[in-house]
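Two complexes are shown next, each including chain A; its partner changes from chain B in the first to chain C in the second.
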Partner chain A sequence: MEKILEVIDLRVYYDLPQGSVKAIDGVDLDVVKGEILGIAGESGSGKSTLALTVSGLLRPPAKVVSGKVLFNGVDILKLKNDELRSIRGSKIGMIFQDPNTYLNPIYTVGFQVGEVFEAHRGGSLRKYLDEVVKLFKAVKIADPERRVNAYPHQMSGGMKQRVLISMAIAGEPELIVADEPTSALDVTVQAEIVELLNEIRDRMNTSVIFITHDLALLLEISNRVAIMYAGKLVEVGKSSEMLKDPLHPYTKALLSSLRYERKKKLASIKGSIPSLINPPSGCRFHMRCPYALPKCSQVEPKLVDVNGRKVACFLVGDGYGGSDKSH
Partner chain B sequence: MEAVIKAINVRKYFPLSVGIFSAKKYVRAIDNVDLELYSGEVLALVGESGSGKSTLGRVIVGLQKPDAGEVLYRGHNIYKLNNSLAKLIRHKIQAVFQNPDSSLNPRMQIFDILSEALLTKNPELSKAELLDGVVRLLRTVGLSDDHVFKYPHELSGGERQRIAIARALSVEPEVLIADEIVSALDVSVRAQVMNVLMDIIDKYRLSVIFITHDMGLVWSISDRVAVMYLGRIVEIGPTEEIFKSPLHPYTKMLLVSSPTASSTMAFKDLRFKARGEPPSPIDPPKGCKFVTRCPLADERCNVIDPQLNGVSENHKVACIKVNS
Partner chain C sequence: MSLMRYLAKRVSHSIPTFIGALLFMFILVRVLPGDPARLIAGPEALEQDVQRIREQLGLDKPLYLQFVDYVTTLLRGDLGTSIKFRTPVINEIMARLPYTIVLALVAEAIAISVALPLGILSALRPNSKLSYVSSTISLLGASAPIFWVALMFIYVFSVSLRWLPSSGADSPRHIILPATTLALLLMGNLTRITRSSIIEASNSNHVLTAAAKGLRDRAILVRHVLKNAMIPIVTIMGLQIGSLLGGAIITETVYAWPGIGSLLIDAIFFRDYTLIQGIILFIVLTFIAINIIVDVVYALIDPRIRDLLWRTS
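Then we have the complex of A and B:
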């Protein structure tokens, strides 16, 4: 299968006065053409930093310490700003959580979507009006001819998110990065937005990176899921397999906290996410892991293949978490 | 069963400021709602944003005076009390909200936050008794003694929410309104706070109104569910009945749209896939409020405003397709 995006040994740190926050600390990940890859993690796991890096939107104090992000073979971390701009918005589209932050309240939504065409193809805005109407139809905004003249405050949250999606697909991108695109929406609206993203993927064969803290949603909609914890990937695999048989203790714990039973307590994970300024040694989950071995606090498990899945845990597979020569 | 709280025909409209020459407009947050909370039960209040569920919670806790109707606590109208009774009853009904950061004073230590609450119940308490009470409250919500002299910012989101719960408990309430109390928390922490809540419900025999949009939590904690849509209750009944055989098309839509990793919530009739968004509560449809999104609607639904009708003793639904 054709890889459209390859993330290789990526490390992104935020340099703060208190120390450097290791938001992404050695992540390897591929995205295949036409797939929806889900990335799940709690707040502070580094998933949004990953989205920003892949979209070429990192700003100081964030800095890339090492690694590559190959988009169709080109390392986007090495591109100059104008080269990056020609990819971002046309080859890579982005959708974020809060549409209000990304829409300008004093311009009509039609104008703002038209700007995307203007930026990438030049010419005057006016000639793109028909295309904006077409896009609004594609994202199922009712009454598109009228809606292009609406201001953001005249639209509901779900509608605004559709406007953002129409912007993201305006350049017929090969990759859409969606960071918590439905987290601020009601479940019913969420279901519709997810369906829309699915349709776009089918129609344009676009790959989608879908980032959310909602693992239940992710397992339902994505082909593959990557679980992040404290700046690292702990498990990557097919959604259907992971739902049936999670391997990493963190994935297991997350899934069991989602299995609701009548009038029974929820399975909880003790403790909370560690500081990323001084991350724990060894496996970053060892302090909260019910199965931790003595070596888990000393040696860091690598992400290795286990029956077509990738897992970083000493308890899984051959029991050594990959090449563990230091022990 | 004995009702602790009875909301009768409660209405709350919020006026909108519009031009001085145009007719006054209102957001119809709650539109003639009846609700009973039985002693010792957990009643889940669900619905989309704008359905009025939070406003109803605020009306019941005494924070938002309704325009019409009354809220009774064991027969006493909570908005028409004399001073001595008012304080007593205010202690009996407590609330915890979504964001602990906006309900905890950042300049006060946990000790001060909790002892302030303890003192309203019993102003005679000595410093030693207060410390004792604060530690006891912290333990009840699963926090250790070393949190006593910390400030809210030194705690994690989950811990802060537990402080908010502890404060609500400090006045020994009988009724707790929990409004989206775990919505802002991460999954792993959410489970901890939910478990604390389940513990204290048992321990203090609380009657709880649990407001949420998460159907999974509804399944795990509640005895009954009330589904709200545009300021009305459209279906109310025992949790298991609502999940296994929902009657109102909107309840079905909510269940179908909720992603879940549980097999217990098996209702998946795809005819009820989500479509559209709720109409504006300023100018709702004349007949059934759900008519614009309902896959079953016909002409009659545009005209008839369905009322809650019992399909069994404790299961009621407002839909002419079900009642007829």
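Then we have the complex of A and C:
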């Protein structure tokens, strides 16, 4: 299987006056052509930072400390501004969380989508109007000829998200990064948007990174899922397998909180995400983990292959978590 | 079409404001101690002469009758006759107004051409030296009293360096000092608001979308940052017309600039009721007009406001 994206030992820190926040602290991840890779985790786990890094949109105070992000074999972290710009919007499309604030209120939606063509093919915006109408049809916006002249505040949240999606697919990208694309929407609209993304993937054979804190949704739509916790990956595997048999205690906790939710009981994982300025030693989940061993607080488990899945935990596989075998 | 309807509505809504302002200044002018008839007659005049002048001017009538007289002449489009100059008030104002308009425009132009670039640059590089320089200038401009600035300018540029004339309006060089003084008053706030609204606009989420589209930095800045930041900037420019007019009164007086500001001071010293009323009426009208213009400019920039204002009117 052809890899479109390889993230290798990525570390992204935010330099704040209080110290540096280690938002991503050693992440390795691949995206295969045509797949939907889901990334799940609580808020503050680093998943949005990962999305911004992959699309080359990191802004200060965020800083890449180490690692590579290979897109079709080219490290986008090493690209010059202008080279990066020509990839953004054409080879990598980005969909954001809140359609209400990610559209500029003072331009028509048609103008804002047309800007993608203008940026990558040049010429005046006007001549791309037909293509924008076509795109609006593709993302099932009713009455597209009229809607291109609408302003964002004249549309519903779901419609605006469709506009943002049309923007992301305008350049027929090889990779779409969707950062919580459905979190700000009603449940029924959520389903429509997910279906739309699925269709787009099928039609254009685009790879999709789908980021959300909604694990149930993720397991349903993605081929593979990566679980992030406090700036690190704890488990990566096929959605179907992970749903049946979660290996990492954090994945288990996330899934069981889902099952409780269905019974209308409130279940949450005790405690909260640790400080990312001074992350705890050992496994970052050990303070909240019901199965924690003494060594979990001292030695950091590595992400190792266990039956075709990757897990970072001493409790699974050979019991060593791939770390120093003398323990 | 809806723009015309909106304008009509705004103009008709300004009428009560206008009448209120008219009444207020009418009373205020007459509450001032001093008597124009006495000033015309001179300090040695007999009481009966003063009384005769008072009757000629209609100042012996009860206050409400004076107001009715004033409004009826006003409705005929007549601002009355100046007590001091014995000429129509409108002629006096029209002779002086061009000077004030030129002064205000030049001051605004100087303020904008310094404040906007300074605000933009210091917003783009918040920790640069330029940013600190611009904050210092804004603070000085906003807090230094205008009469003091005017006197310092005269001292430095006219008296010591002998570069520029200190008073009058005989040549284009005469406008440099008064316009710069007035501009300094506007510059401070304008720089500050420009800087903060650009910082706010560039942190909005839609700027991230623009970058994700692959737009060039220039297009992002011009279309998605500057244009969005224009709304607060236009507001402050509109509000500053007030400071501009107030500042013009002091500036024109210090530099003997023959605009309506110095005319107003003359009129007040002479208790020239009709002239004072005429000038203030002009100022009130200017304020009302500027407010309407600012709202229309908002609506032109922001479609949300356009929908709100025009569709509901």
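FYI, the second predicted complex is superposed on the first by the 315 of 327 C-alpha atoms of A that agree within 3 Å, B and C clash if a C-alpha of one lies under 4 Å from a C-alpha of the other, contacts with A are read in each partner's own complex, and residues count from 1 in each chain.
Note that contacts are C-beta pairs under 8 Å (C-beta built on N, C-alpha and C of every residue); 3 or more make two chains touch, one makes a residue touch a chain.
Owing to the predicted nature of the structure, the values given are computational and were not obtained by experimental measurement.
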Touched partner set for A:158, first chain B, second chain C, both or neither: first
Touching partner for A:272 - first (chain B), second (chain C), both, neither: first
Partner chain(s) touched by A:190 [first = chain B, second = chain C, both, neither]: first
Partner chain in contact with A:102 - chain B first, chain C second, else both or neither: second
Touched partner set for A:214, first chain B, second chain C, both or neither: first
Superposed model, chain A: greater residue contact from chain B or chain C: B
Which superposed partner A:87 touches (first chain B, second chain C, both, neither): second
Overlap of chain C and chain B interfaces on chain A (superposed complexes): none
Footprint of chain B on chain A - complex, ascending: 42-43, 156, 158-159, 186-192, 195, 213-217, 219-221, 243, 253-255, 257-269, 272-273, 288
Contact footprint of chain A on chain C as seen in their complex: 204-206, 208-217, 219, 223-224, 227-228, 301-304, 307
Touching residues on chain B, where the partner in the complex is chain A: 48-49, 156, 158, 186-192, 194-195, 198, 213, 215-217, 219-221, 239-240, 253-254, 256-262, 264-265, 273-275, 277
Chain A residues within the chain C interface of the complex: 55, 57, 81, 85-90, 93-94, 96, 98, 101-107, 112, 115-116, 119-120, 151, 153-154, 164, 167-168, 171
